[in-house]
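Quick heads-up: structures coming right below.
In what comes next, chain A is part of two complexes: it sits with chain B in the first one and with chain C in the second one.
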Partner chain A sequence: MTPLLSIRGLSVQIGRGTPVDGIDLDIAPGETLGIVGESGSGKSLSLRAILRLLPPQAKVTGTAIWNGVDLLTLPEPDMRRVRGGQIAMVFQEPMTALNPVLPIGLQITESLGVHLNLRGAAAKTRATELLDLVGIPDASRRLSNYPHEFSGGMRQRAMIAAALASGPKLLLADEPTTALDVTIQDQILKLLLRLKEELAMSVVIVTHDLGVVAGTCDRVAVLYAGKVMETGPVRTLFTRPSHAYTLGLLRSLPDAAHARQRLEGIAGSPPDPGALPPGCRFAPRCGFALDACRIGDRVLAPSAPDQLSACIRAETVMAA
Partner chain B sequence: MYVLAILGRRLGQIVATVVLVALLIFGLMRLLPGDPALMLLGDRATDASIAQMHHDLGLDRSVAVQFWEFLVHTVTLQLGDSITMRVPVISLVRDGLPITLLLTGMAAFLALLIAVPLAFVSALRPGSWMDAAIRTVAQISLSMPVFYIGLVLLIVLAAGLHWFPVGGIGNGFFQDLYYLFLPALTLALSLSAVLLRNLRQSLLEVLNAEYVNFATAKGLPRRMILTRHVLRNAWVSTVTLLGLNIGSLVGGAVITETVFAIPGLGRLTIDSIFARDYPVVQGLTMVLAIMVSVVFLLVDTVQVLLDPRMSK
Partner chain C sequence: MSATIAARRRFVLPPWSLLGGAAILLVLLACAVVPEYIAPYSPTNFDFRSLLQPPTLAHPFGTDNFGRDILSRTIWASSVDLQIAIFATLFPAIFGTLVGSVLGYVGGWPDAIFRRIVDVLITIPFLVLVIVIVAVLGPGLGNMYIAVSAVNWIIYARLMRGEVLAQASRDYAAAGRVMGYGPIRIIFRHLLPNAVAPVLVYWMTDMALEILLGSSLGYLGLGAQPPTAEWGVLIADGKNFMTTAWWMSIFPGIAIVLAGTGFSLLGDGLASMLRRGR
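Here is the complex of A and B:
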């Protein structure tokens, strides 16, 4: 199947650092892809780079092919039609991502006016439907409310409604549940999955929470220090990781079934993007590392059906 | 509704301010050395005429009663008569107030007209040569005294190039606008520098805000993002700053009106201070205090309208 969005060699350079360094990813129609990694692994930057939301100091290279055109070189007016109209994005913190001085209704209808040419009463009706769709009760009355008059979960729902207003085919969700209470997190994830089905979208969820990925995604890409370490279907990757870093991540998860068990964690901290170690970037923190890990470049290679790993010790890791 | 509630609360504060200013003026007049009756009667004063004058001026009654009368007179705009010009103070105010209001209003408008576009140019390309040039010019106009700016404009644009009248006031509203342009510009320059610096800073902050990213991600045109999302938010602190500076604008009007020979309240204040015309000084202080309070009230209202979170 041809991918909906095909990313090749995506790099983001800021100053002397390269926080995103040559990422390849494919997103299939109708699939939910999870991108996991620690803070600073480049996962949010990659997402923003695709929609060209980064400040001009950030130099973005590579390609992101969407409908046969490269989003990274598309002229600005065409790009504007893609943003919101074809690819939408929801952000981590709805309190800061929604404009505090504009009513919720306006923040939904402005997108409708630009993409679907819906204005006035028609836009209002559609906005009410959208708020209804994301599960905000008494939607028509809520249109005139301001973000500070909503609860955290409601704000996130409202932002999702605003993002999805113009019927995009792909939703990029940047840590969509991180700022929310656990009980609300679950509701928002279920809402995203339901909307994905109802609106026939693909979804990319960026998160540091492996539980979110396990519960919602079909496929997952593990990022570390700006590079893809491993990709594969969620089920096989989580049960048989083929990269030492993925294994480390999974082992640092608290397990409700084995309470009071000592967590293993990963020693040390991610490298500074301005001073990356040679060879595999995870090698300095890795318990499996050999001398060979500290030299040369890593490429993704098949480690199992549908699963790619950049770890030269994949077989040992899978046996562990 | 919440706007009305806030207006009501602020109106109460204005009344309190006016009473306090009245108390201050009343107290200061009492602290002045010498007897007003003696000053009015001069050398021909006899004990009988002084007593008569004390009675006429109400000085033989208790201080509390005198203050109450002073308050009642202030509220009913009976500000007394000018000693030197022998006309009611209120008629002097009625003549001068529209001119000073027009001057300060024009100055505030011109300041915004200069500051807003330049702040945008500066903030959209921070660190560019345009940004550097704008900030340098702002710094210079901020550090020059108002009377100096006024004299330079006067010498170059009025006396030298004859583009504007050298001073005075026109005949009718539109001619007034023309006559008041240079003085208003004088007042506006330093104010616009203050506003420019503030607006540039808040624009820079807002441009990096996540809601601007979200607005971009929704595919909105750049102009819509800049006006609706960026300026709307950056405004709030600048409007506050403008309101706070109205007081100093009135202070600046005192100097500017003197430099440009404009018959407004500012020049009247200076003239009556030099002439020891206490009733006029007293009346003008009251009027200016009320004027500034009303401007603060307006600023608060605009603020609530601009930022709904303020109503909390």
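Here is the complex of A and C:
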């Protein structure tokens, strides 16, 4: 199947650092892709780079092919039709991602007006439907409410409603549940999955929470220091990781079966994007590292069916 | 839940400073709009039987060296001074806000040029700059408006630029771009309403400042021309009689203080109300 969005060699350079360095990703129609990584691994930056939301100091290279056009070189007016119209995005902080001085309804109808040329009563009806769709009770009365009159979870729902207003084919969710309570997190994730089915979208969820990925995604990409370490179907990748970093991540998860035992964690901290180690970027923190790990470039190679790993010790890791 | 919120929104009392400022300004506004009904005498009628009279019941503020009633002149002057407050700030406030919003969002070289202009202008005292421009154009209120407008919009633009810059880094601005909105829509519909509060407050303070400036220019003979009654002109008229007829300068001076206090209180109250609205 041809991918909906095909990213090749995406790099972001800021000053002398390269926080995103040659990322290749494919997003299939109807798929939910999770992008996981620590803070500073470049996951949010990659998302914003695709939609060209980064300030001009950030130099973005590579290609992101969407419907046969490269988003990274598309002229700004065409790009504006893609943003919101075809690719939508929801943010981590529903508190700040809604305009505090405009009523919720207006923020939804505005997008309807811009992208679908829907105005007046028709737009209002559609906005009510959308709020209904994201599970906000008494939607028609809620249209005139301001963001500060909504709770955090409701705001995230409203944000999603606004993002979906124009019927996008791809929804980028940048840590959509990080700022929310655990119970609300679950509701929002279920909502995203339901909407994905109902609206036949693809969804990309960026998160540092492996639990979120396990619960929602079809496929996952693990990022470390601006590079893809491993990609594969969630089920196989989580049961048999083929990269030492993924294994480390999974082992540092607290779980009920091993309660009250010391967590393993990963020693050290991620490298500074301005001073990256040679060879595999994870090598200095890796328990599996050999001398060969500290030289040369890594490429993603098949480690299992559908699974790609940039680890030269993939087989040893899978056996561990 | 929304019912209680609606109720709360309806019954919020504006802060006392806002009410106080509004009350003072309403009185001044009444004086400015219908002085002929409020002032007991004509502001320009000479009465040589009662020259330089101290405050009495017949002339509560006393009379000047031509026998004109100071109270009536002060009341008539309020219309000139409120005009100054409005006309000297209207253009700078609106134009500066628009320019500042665009610069704050667009940035780049237009912004860099603007910042250099600000740097240069700030090294020259505002009053001196205005005096120079008025001196070149010729004295009079119209030229004073032109001079103030030419300089003052930069203050508003600078204020607005900073606010918009801060708002533009918020997520809802990014969300607007993600929705595919163009820069004009983002600047004027999303950023400006969120950034305009400090400018509104400054506008109120600025009206007080412009009245003082108008009075200073009037005092120097560059603003309103005699026999137009203007508070600064009135004070200047009284300066030769300061030791013998203090009331000539003191009462118009009090009027200036009152107007300044009114605008400041209004600005203050507006500020705290806008803060509360957040």
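Basically, the second predicted complex is superposed on the first by the 320 of 320 C-alpha atoms of A that agree within 3 Å, B and C clash if a C-alpha of one lies under 4 Å from a C-alpha of the other, contacts with A are read in each partner's own complex, and residues count from 1 in each chain.
Everything that follows uses one rule, which is that a residue touches a chain if its C-beta (ideal position, glycine included) is under 8 Å from a C-beta of that chain, and two chains touch if they have at least 3 such contacts.
Predicted model, so just to flag it, every value in this text is computed and none were measured.
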Exercise for review: Sticking to the clash and touch definitions up top, decide whether chain B and chain C on chain A clash or fit.
Suggested key: clash
Practice item. Quick one: classify A:Leu25 as touching chain B (first), chain C (second), both or neither. Key: neither
**Study point:** Partner chain in contact with A:Leu71 - chain B first, chain C second, else both or neither
**Key:** neither
Review point. Taking the superposition as given, does A:Ala88 touch the first partner, chain B, the second, chain C, both, or neither?
Key: both
Practice item. Could you tell me if A:Arg141 is touching chain B, chain C, both of them or neither one (first, second, both, neither)? Key: second
Check your understanding: Is A:Val222 in contact with chain B, with chain C, with both, or with neither (first, second, both, neither)?
Key -> neither
Review point. Just chain B (first), just chain C (second), both, or neither: which does A:Thr96 touch?
Key: both
Check your understanding: Following superposition on chain A, which residues of chain A contact chain B and also contact chain C?
Key -> 48, 51, 53, 80-85, 88-89, 91, 93, 96-102, 110-111, 114-115, 148, 159, 162-163, 166
Point to revise | List of chain A residues in touch with chain B within their complex | key: 48, 51, 53, 55, 80-85, 88-89, 91, 93, 96-102, 110-111, 114-115, 146, 148, 159, 162-163, 165-166
**Study point:** Of all residues in chain B, those that touch chain A in their complex
**Key:** 208-211, 213-221, 224, 228-229, 232-233, 236, 306-309, 312
**Study point:** Complex interface listing, chain A residues touching chain C
**Key:** 48, 51, 53, 79-85, 88-89, 91-93, 96-102, 110-111, 114-115, 141-142, 145, 148-149, 159, 162-163, 166
Revision key, fill the gap. In the complex, chain C touches chain A at residues 2, 5, 170-172, 174-182, 185, 189-190, 193-194, 278
